[in-house]
Amino acid sequence: MLEPDNIRKDFPVFREHPDLIYFDNAATTQKPQVVIDAITEFYTHFNANIHRGVYDIAAKATERYEAVRGKVANFIGAPSAKNIVYTSGTTASINLVAQSFLGAQLKAGDEVIISQMEHHANLIPWQMICKAKGATLKVMPIDREGAIDLGTLRVSLSKRTKLIALTHVSNTFGRINPIREVIKIAHQKNIPVLVDGAQSVAHFDIDVSDLDADFFVFSGHKLFGPTGIGILYAKEEHLNAMQPIVFGGDMIKNVSFEKSSFLSAPQCFEAGTTNIAGVIGLGAAIDYLSQYDKKEIKAYLKELREYALSRLQEIKGFSLVGSEEHSSAIISFVIDGVHPHDIATILGAHQIAIRAGNHCTQPLMDFLELPGTSRMSFSIYNLKSEVDRAIEIMQEIHDLMFGA
Amino acid sequence: MLEPDNIRKDFPVFREHPDLIYFDNAATTQKPQVVIDAITEFYTHFNANIHRGVYDIAAKATERYEAVRGKVANFIGAPSAKNIVYTSGTTASINLVAQSFLGAQLKAGDEVIISQMEHHANLIPWQMICKAKGATLKVMPIDREGAIDLGTLRVSLSKRTKLIALTHVSNTFGRINPIREVIKIAHQKNIPVLVDGAQSVAHFDIDVSDLDADFFVFSGHKLFGPTGIGILYAKEEHLNAMQPIVFGGDMIKNVSFEKSSFLSAPQCFEAGTTNIAGVIGLGAAIDYLSQYDKKEIKAYLKELREYALSRLQEIKGFSLVGSEEHSSAIISFVIDGVHPHDIATILGAHQIAIRAGNHCTQPLMDFLELPGTSRMSFSIYNLKSEVDRAIEIMQEIHDLMFGA
Amino acid sequence: MTDQLKALYQSVILHHNKEPVGYEKRPEAGMIIEAYNPICGDRFNLYLNIVEGQLEDIHFHGFGCAISKASTSILIKHLKGKSIEEVKQLVAAYFKTVNGEAEDAPEDFAAFAAAKAFPGRMKCATLSWDELNEYLKSVS
Amino acid sequence: MTDQLKALYQSVILHHNKEPVGYEKRPEAGMIIEAYNPICGDRFNLYLNIVEGQLEDIHFHGFGCAISKASTSILIKHLKGKSIEEVKQLVAAYFKTVNGEAEDAPEDFAAFAAAKAFPGRMKCATLSWDELNEYLKSVS
């Protein structure tokens, strides 16, 4: 069984701010001491640029940096460290696939399919490349509970479909997509699938090989790791089909003023000095998370979500956005007559951090005909008692806003 | 007067590794405690995603993040924080200008001018965009001491010249380029100039307004700051002419499945969750460096270079690559009959970190007809006694390699 | 509830949130200004009729939080019928008050100074005012 | 000088660096393999003549550090005249020795095991061997 009370102790922010109730984990997670320490250790003990130095600390930095690649591969079930490209985040990973993988093959009349619940990061890059190439961005519709329809998907695929990009878990309302089924359907027509794992990787047991995902992307900062580091996993055949889009040092084979040739993947996608400390910190985050059983994490977060949901029903005017079922540790809701930002401000004034707004999913909000929602998102250090405290404050909101 | 003995104490790596002699500052600098502490403080006290949270720590993170923009602007003499774009490093900054600024206007037959001493990061991006657009990459030649010829430059400019990209200081042999004169000459024909400040920003007093530079780029990690963070300074008119090339959250104004519109600069170039901790750390690095007088830094490093040069002459077979004059804190050299990597390995085994190789300037090496050089590069914490120790070891190299 | 919260959600704001002044669509207005905050999705239209240097008529419609809605309502209340010169002075006074700089300004402006304690909400207090200000700059 | 350094720059290596075996250009060779390390710029050409499954002749030329040059020289010394089968066995034995795994291998292979203490230099010890190995895999 997961022991959130003990887990909390690993996160110095809760020691320094004992009153902080952090329910904005879908935006970014807090960092355990071991991650902070790994960064400090790097800068204190073996800070050096990588891949080219022959002295001790450079060798150590290179070794640690490259070792994290294997760790990441292992963590998500990738066949090899060679499938792992370091990027600056989910957004950068998706843009890389859009520009390099898709950009090279997309033709006028081709299609790219996304869902109606995608984060802007998994929407605009496809929209822009489609626009540039005269291709069409198609949107898998969802129902009001957030379900996509596999039958509709099946019939909408054709020879012109060049990629499906789908989030594993909706960052807005936590809906879990049936990515295994989507991948199966897509692969029957040889269509590659990109899975946006930003919201799933910290809680789910990911096995990209077993899922047969073509691309899987996520950010370190939502996984207890540092900002400025992300991952692109891609199948070897896809990486080999991709040309670099950013050029500079540490990715070249031969350079002359006339022409240049590049190293093979993943190296060729990591031009210049990368976020070395970020990589080291991500390694520590993965080590940290790996001590826990993902099944237990999932079970605990399900319990926490259900508890919060049952208590939220007590609030006058509450309604859930999305679905009670098929959802991960995120709850999106509205309270009749109270704007999400006012809810978030009132909770914030009591040291309870939730998020209000469109959650970078404006088209989804338009579909739901909502200007925005309030969102609580949980992580392994959250407690039922924190939920209780939030409910207590929310019960006063009506009084504050409309008079007792 | 600069007190390097005291400065050293600010850098924990020298406390932990008292024997380390770090002469690879052109690759990356060591980090003062205040920078490490700023990162730790962020992750411990106000780690949150920025720009969208209404709770306290999100507001604080946003405020600190944006405050660094002003700090950077101030540090390099930019008119406003709005001129400062956060990127992941020099390489990313240059690629952004190449793809967005130049990509939008470059036509077949146009020309881009660089110098023969450019780092791959200030070469390949221009080469690739020229290739894509049918434009020509022209190379300002240098003499064996590294001097470019302003007369030649002047006559090579024409209406077809769309940009000059030049390094302020050569990372290979420390040559300082006359960027003020180059900018003047270029502006007479309305040609914008990008200055690669990766090697100058830590040591020189930079005033981009006074220089009238169109673009100025650098990396945090060479400025005592974290990895994974860099800066693009650009004139407002240029930023306004640039379209974003990476798309996602936090850079949009309006999104629908049909089309999206973007915020104005610098925001629109910072899609997704950026390296927030990196920005905070860079702010601390700039604060740290700002305590010292840049004139004193320059003077001390000149003295150190001259001292090292005089002592290196004692080594059998030594020859300097580049020029004794017009150079910053970098010395590139060869020793007759001993391969640079063997020199670096032997020094490395004695905890003296220098770099050997082509320093990401392969075309320069080809011009100099050298497979590579050994490079010592100094920073404000280096001492003459460290130079002495390096000389001592190098005096034994001949004995080791060829027998006493 | 904390004192800062009470200061923010004081009766002036709550009142204007519940019963906003001039809250109706006027698509036929001479000038329509959109005040939109992409970060939170708040969006109001300001419907203006300016006749011979006078802001003869002004209405608004849209959605937003209590702060942004009330601040727009206050804007309508104070600016309607004023000359452009007076409008400019009032806008400047509003910004000064919100920034906590003492100023000889209408009393109900002061309510929004409480937003300063909530940096994430400052924009709500100035959203419509900012857009109106931009418009005024662009026409003079 | 440290012991590790002495182990790396021992007489076998220094000797082969100074007087490399088969160091000459043979542009007319049946097969030319380029061994290039973009990180340090070291570059050798290996000139091979394979006749009926025998490595009849092999030479090399180029530039590189003491370690990469000596390791290429040792390669020439041991592989020249061997059958492809023997070559493969020797290549495998070399990699094992360099990795510090005890193996019944030619004595002078052992010198390169010292590179293990210098991770930045491992590639120098295997540069030419790696490229030859790639070639052997591609033809069988």
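Letters are used for the chains, namely A, B, C and D, taken in the order the chains are written, and counting of residues starts over at 1 for each.
One rule holds in what follows: a contact is a pair of C-beta atoms (placed from the backbone, for glycine too) under 8 Å apart; a residue touches a chain by one contact, two chains touch by 3 or more.
The structure displayed is predicted, hence computed values, not measured ones.
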Subject >> Pair exhibiting more inter-chain C-beta contacts, A-C or B-C >> reply: A-C
Original post:
What is the chain whose Cα centre is as far as it gets from that of subunit B?
Top reply: C
Subject >> Chain centre separation (subunit B, subunit D; CA means) in Å >> reply: 37
**OP:** Could you put a whole-Å number on the gap between the CA centroids of subunit A and subunit B?
**Re:** 31
Original post:
Taking each chain's centre as its mean C-alpha position, how far apart are subunit B and subunit C in Å?
Top reply: 46
Original post:
Out of subunit C, which residues touch more than one other chain, so two or more?
Top reply: 39-40, 118, 120-121
**OP:** Specify, in ascending order, the residues of subunit B that touch 2 or more different other chains.
**Re:** 52-55, 58, 252, 254, 341, 345, 348, 356-357, 362
**OP:** Answer with line, ring, star, complete or other to describe the graph linking chains that touch.
**Re:** other
Subject >> Which pairs of chains touch, using the document's own definition >> reply: A-B, A-C, A-D, B-C, B-D
Subject >> Contact footprint of subunit A on subunit B as seen in their complex >> reply: 12-13, 16-17, 20, 24, 27-28, 30-31, 35-36, 39-40, 43-45, 47-49, 52-58, 88-92, 94-95, 116, 119-121, 123-125, 127-128, 131, 137, 139, 219, 221, 226-229, 246-250, 252, 254-257, 259-260, 271-278, 341, 344-345, 347-348, 351-357, 360, 362-363, 366
Original post:
What part of subunit A is in contact with subunit D in the complex they form?
Top reply: 51-55, 58-59, 62-63, 252-254, 263
Subject >> In the complex, subunit A residues that touch subunit C >> reply: 338-342, 345-346, 348-350, 356-358, 362, 365, 371-372, 396, 400-403
Original post:
In the complex of these two chains, what residues of subunit D are touching subunit A?
Top reply: 36, 38-40, 118-121
Original post:
Inside the complex, what are the residues of subunit C that reach subunit A?
Top reply: 1-2, 4-6, 8-9, 14, 17-18, 39-43, 63-67, 69, 118, 120-121, 124
